[in-house]
Amino acid sequence: MTILEADLTPATLKQDMDRLFFKKKLLNFAVPALILVYMGYVFVAFDMAGLWQRVSWQNAQTLVSDTYSYKTHVTRDNRDGSVSVAIEGERKGAYPEGDSPAWVSLGETAGAETAIDLENGHLVRFGAESIEYDIPGYGLVRATPTRAKGVQAELPAGDVPDWISVSKNRLAIKTDAGRLTVTRNRAEVFRYFNGWELFFFTLDSPYHGLSIGEVLTRAATGEAGAILNDFWNNKMWRHRDVAWAIAETLLMAFLGTIGAGIVALPLAFIAARNFSPFGPLRFVARRFFDFLRGVDSLIWTVVLARAFGPGPLTGALAILVTDTGTFGKIFSEALENVDEKQIEGIASTGAKPAQRYRFGVIPQITPVLLSQLLYFLESNTRSATIIGAITGGGIGLLLTQAIITQKDWEEVAYYIVLIILMVMMMDWLSGWLRRRLIKGEGGKTKRKARADGKAFLLP
Amino acid sequence: MADLTAAPLTTADIRAQYGEMTRRKRLYGGIILVVFVALMMAGFRTADGRNAGSFYDGITHVFDYPNEVLAEASEKVTELPGHLVNFFPALIETLNIAAASTLVGLVFGTLLSLLSTRGMAPWPRLIPLFRRIMDICRAIPEIVIALVLIFLLGGGPVPAMIAIAIHTAGALGKLFSEVNENASLKPVEGLESVGSSWGQRMWLGVIPQVGPNYVSYALLRFEINIRASAILGFVGAGGIGYELKNAMSWGQGRYDEAAAIFLLLFITIVVVDQISSGMRDRLIHGAKA
Amino acid sequence: MLRIDKLTKRFGDKIAVDAATLDIDKPCMIGVIGRSGAGKSTLLRMINRLSDASEGRILFEDREITGLRGNAKRAWQSDCAMIFQQFNLVPRMDVVSNVLHGTLNRRSTFATMFNLFPMDDIHRAIDILDRLGIAEHAAKRAEALSGGQQQRVAIARALMQDPKIILADEPIASLDPMNAQTVMEALRRIHEEDGRTVIANLHTLDTARRYCDRVIGMRDGRIVFDGLPEQLTTGVAREIYGADASFSEAATSTEIDTLDATIRAEMAEA
Amino acid sequence: EEITQFRIGLLGGENAQDRLNNNECLRAKTEELLGVETKLFAPADYNGVIQGLLGGTLDMAWLGASGYAKTYLSDPEAVEPILVKVNEDGGYGYYSVGFARADSGITSLEDMQGKVFGFGDPNSTSGFLIPSIEIPEITGATMTSGDYFGEVKFSGGHEQTIVGVNNGDFDGGVTWADGLGNWEDGYNSGALRRAVDAGLVDMNDLVQIWQSKPIPEGPIVLRKDLPEDVKVKFTALMASLPSMDPECAYGVLSGEAKGVMPIGHDAYQAIIEARKLKSN
Amino acid sequence: MLRIDKLTKRFGDKIAVDAATLDIDKPCMIGVIGRSGAGKSTLLRMINRLSDASEGRILFEDREITGLRGNAKRAWQSDCAMIFQQFNLVPRMDVVSNVLHGTLNRRSTFATMFNLFPMDDIHRAIDILDRLGIAEHAAKRAEALSGGQQQRVAIARALMQDPKIILADEPIASLDPMNAQTVMEALRRIHEEDGRTVIANLHTLDTARRYCDRVIGMRDGRIVFDGLPEQLTTGVAREIYGADASFSEAATSTEIDTLDATIRAEMAEA
């Protein structure tokens, strides 16, 4: 029942298929092999093997532990014997003179003994002459700093463990309970605690250390303003500045995106084939868009910073310029796809050109316009974070500076959480607005648009 | 000849209803317009106020910086070819970062999208989890991951690559899962009935259907990633962005270098943009045929 | 009233309308027939000035239309409404707004930019819609309506222009027979009640015969027939359509009665 | 002419917010003194401040010596130096310090041959300009990658250099210090001291491999176009700050200082020449 | 051989298959008939383990199938080929590759990802295609084939599995009569020549009668008839289909002869 052409016997077919599958195999191997070779090349070019050795686990540990913990410094000035206690060692986290947390018992007079309880038996004493650290399971370490002879350390007999680092002028001990550093000038104890200390109120606020209930009752009795003020102006966490930074970032994204939309719309008409009869002008407009996009927001930021100086306006303008290029391209493509029938219908009533655009064109491109604007509003929130890091504005600057100066990882964590929340909120908001504003266009039309492959990608 | 409807509305009713609707629309439209304009104005004024230079003073100086750069670059135009050669390796590094992160992002994006599409996911109950993972990957700006990784791994291309790859995986994953939703599940069921594994079903049943779309989106992403990797160079991740930042911040005296680097970057972005949009057109139309 | 004088339209080498001459001296309903590509649409589009004539003149009440420019041209367009086969409405806007577009020429550009139309116009639009039997859809989006309803919205827009002439380019070609009948009856009524001239391109003979006072036949751009519907014999029709003996009128019919007849005939044949 | 606002630019080295906080008192005093709105700006890097001064969007800043040179070279009419910080020892200089990891065995520049060397910001005097001139005098070779050092990189800032060396990304690097106090404390002030205070590095792990000649402290500059009375008033304010409000001066001048003293353009002629040398 | 014991499937409240019990002791060709929604597809899908049973058991050669998981389940699926109404091929891949998919269960995931099928398998695939008369299309994409050819590719894929049972879910429902006949004949030949058990859902009585050794009737999820084709009288059929007197067998026929007869009958009626 098989009807085969003369030269298509199963035998020749098999040969053909063998060849076909051989080719397929080749292709199937060639593509992944090429990718693999490329990745191999990248691996070598990026020195990934060496990377593994360079990974700094210690940094990772610092980073991770610092994001959820804080340290309190107890510092003795070896020259005058004065002792100060400060959270994170910062002035704004310092305990008032003569005041200290319960685990530090200050001497009555300057130079008197100070005992620092690091718990679990770890005890540090700042004596008149020497500093002692009693380490359970190891023994007592004594260090005597002098101007002339440096730091003289007395350790229990035996090898020096690797968590103790001794040199002529310096002694450093790191244990699970805390850290002690002694140099000729200073002796310093760090004790670590979990949590984001002083997140709500700093030490100088009367509300520091109160429970939520207490704060609420005080708020109810008319101190709400003061409480909010103390929280808002918290010197350690600077909630007000952070809120402003977030607002600046959102402002850059908003002004930049909407401004770009407003500028790009009329320009897009010049670049659209069906609205701009003059070829060379169209060409110029298109290359202009390419130029704006190609230069990239990063470089626009630098260029504009000279004219406008640091600040959110510069960032907004950089976004505006870049996105004018992007929107110009998208809008002109949308304009080229408009349905001529509607425009003709309006034209046949004797409508003026502006009216033709208003009723024949605008209603058609509104959905594209709005959805693209909203998409970019969301993605520009991210861009604004980065641009802010360059122009000096917004949460991006706070974040990059906090990372670069490499302390305060808890603030880094705080900013990162805020940024993620901000971007996700904008994502959700833009999605919600898109659904609300373009509801005439049901799911079906949306699908169709996507099937055309016209869907434009957002950065 | 009038249409038969259940509710016999008189013209007066319709007039009243429509009039009411128009008035409401105009009111809302007016309010929205006013609010929008007010928001724009207030936003502009706030930004202007918090900026060092004001918009009106600055607008006349927009070309100062480009002029300065161009003046020096044109003065030393003979050195331009040499600079172009010098900085080419840095450009290659930037392109490598973009390409490698796009590839890695493509792989993870594909996996995430398959894991979070109904009908394809091997563990349907975990779909929301994978969706959230994609959302978070997308939400973190690359610069954040890059800076943290630079702290851990030291400067260089790898932190940038990982940072961009994470973002790419999230962004592509979302787009791919939309593509997947339009794919037919019949071949998948056909393959399931012969006792194939999940990997085989996806590779042989889904990927051939969605492949062209995937590649098209990945190309677009590659374009975006070139910019991203250039930007990350600015914060210490190597490549052309690093060179550009150094030349630009040195300023006078090295503007010729800055111009050369800028030229390289600009040409690359435009060329890749053109090539990839050509390829995307072919892919999508080829897929349709 | 309307005089067309040696009107010609060329598209490159192709002559779409070839020295068409026509004289309409009193308001009447005119059907233009001819096969696809005969130049019917081109003729109407030149009258409405959607496209420019290559040669010849159009005169309306002794005023030359062909040369008008700018405002004068738009004023003429507002006097000469056009109805399209594909309705050419703005689908995303509501029905009344679409009808109000008929007044655009009279209103200031600025007010219309913000969609501000006088209440009076809105009421008149609703009255017109009511007259066409679709007032209850006033607030819906145009795209939500059926083809026949959309075409009636288009007619309402034309009426809103309060035009001296209504041009209709195959107004019923994309409608089913039921809707086609409604639309043609509406056009006829407008002609009879308002005394407006209606020129309609039609692709079926029987529609032309049934609703028109005068029928014009076009072939290859030339007007080859101009007379009363009764003069339109099958022989003449074959001439116009350039059809061979297999030409059957019923095949082009949209009339419901005729349609039934066709079905019966086919069944009988079987 | 009149000014409507006074804008102060702050150079990097600390958290943007710390910088703003430290200078808030200066802002308030200036506002009171000049009677116009005064704002603080903390751009991301040295160049941000310089561009602000060049573009006329900032009125005052405390620049580094190299930064001043850049500003001067780009536009001699942009700014003029008015004051300089005087250290507690009476001098107005600090040092560029080369350092490496102790366990790497590197103790001098000779040991750095073929190794990776890290600069800070290109506009930093101690992080780039001075070492890039003085080190070649010792090594007898240029600072181009592969010439003497295996590779020469910019870390982007002092903090990144320190962490980079500590992590082994660079075999050696340069940063600034006041040269007072002890190495094991990271000196009395400077980038090393901040890193120690932050608990980032243990000075026992690091060794000094080089130190520059004293580098002049950067000038406090004012925009030249400012009205004369504004210049005079502001200079007076700055000059009296250490005596009037030591707390505020501590923040503004980044640590203990004896005071400030007037300085002119000529003091930076050498740095300007040095910078010209480094341009191509 | 295959025993189905009180097999039940619920979708929420809806019972799709209701305590179906069936015993097949020797290889034979079985037709399952019943109207739309009777539960035919659900039954086959449970046997192939594409969906899980709510209750009851399936035993194959005394091994319980219903509880298999992971690899064991996939191994069973490879022993029990399934043919779908919509073919469920991979349209963008070539015919031979589609057939080779029948061997997926035996090959490692990794090898198949790189298209590493042994030469022997490729040759066997071509032999099978040749047996089904579509060898010359071997290199074409599946989507380029007609429905009947695609269904034969699906059968080839099933044969490639070298299964003990072939399940076919309305294999000819989307085919024209000509193609339907070819496909049914192919299935019958496979049963006769290879001695494999074939269970086919069919929506026409005469197909079942003509090709099957045994017919099972389902109604509302229950098996209401199980017997020889000859026992399938019009009365019984009415019972199964729950049809009233208007039920005419010819209306469901796909047989070419019958079809011709139907047309003739209809014409005569007219």
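Per-chain residue numbering starts at 1, and chain names A, B, C, D and E are given in the order in which the chains are listed.
Rule of thumb we're sticking to: contacts are C-beta pairs under 8 Å (C-beta built on N, C-alpha and C of every residue); 3 or more make two chains touch, one makes a residue touch a chain.
Predicted model, so just to flag it, every value in this text is computed and none were measured.
Separation of chain D from chain E in touch steps, taking the shortest path, is 2.
Ranked by distance of CA centroids from chain A, the top chain is C. Taking each chain's centre as the mean of its C-alpha atoms, the one that lies farthest from the centre of chain E is D.
A count of contacting C-beta pairs for B-E and for A-D identifies A-D as the more extensively joined pair. Chain-level centrality, scored on Cα centres against the all-protein Cα centre, points to B. Taking each chain's centre as the average of its CA atoms, chain A and chain E sit 57 Å apart. Distance from the chain A centre to the chain C centre is 63 Å, each centre being the mean of its Cα atoms.
Note on chain placement: the centre of chain B and the centre of chain D lie 38 Å apart, centres being C-alpha means.
Distance between chain centres (mean CA atoms), chain C to chain D: 81 Å.
Contact with two or more other chains is made by residues 51-53, 58, 61, 64-65, 151, 154, 156, 235, 248 of chain B. Counting partners per residue, chain C has no residue that reaches two or more other chains.
Among the residues of chain A, those touching two or more other chains are numbered 54, 56, 59, 302, 305-311, 389-390, 400, 404, 406.
Contacts from chain A toward chain B in the complex involve residues 35, 38-39, 42, 45-48, 51, 54-56, 59-60, 63, 248, 251-252, 254-255, 258, 290, 293-296, 298-299, 302-314, 316, 382, 385-386, 389-390, 393, 396, 399-400, 403-404, 406, 412, 416, 419-420, 423-424, 427, 447, 450-453, 457-459.
The touching residues of chain B, counted against chain E in their complex, run 184, 186-187, 189-197, 199-200, 203-205, 208-209.
On the side of chain C, the complex with chain B involves touching residues 96, 114-116, 119, 122-123, 126-127, 130, 133-136, 138-139, 182, 185.
Across the complex, chain C is touched by residues 341-342, 344-352, 354-355, 358-360, 363-364, 366, 440 of chain A.
Chain contact summary for the complex, chain A toward chain D: residues 54, 56, 59, 62, 71, 89, 92, 165-167, 169-170, 172, 179, 183-186, 190, 235, 238, 241, 302, 305-311, 389-392, 397-398, 400-402, 404-408.
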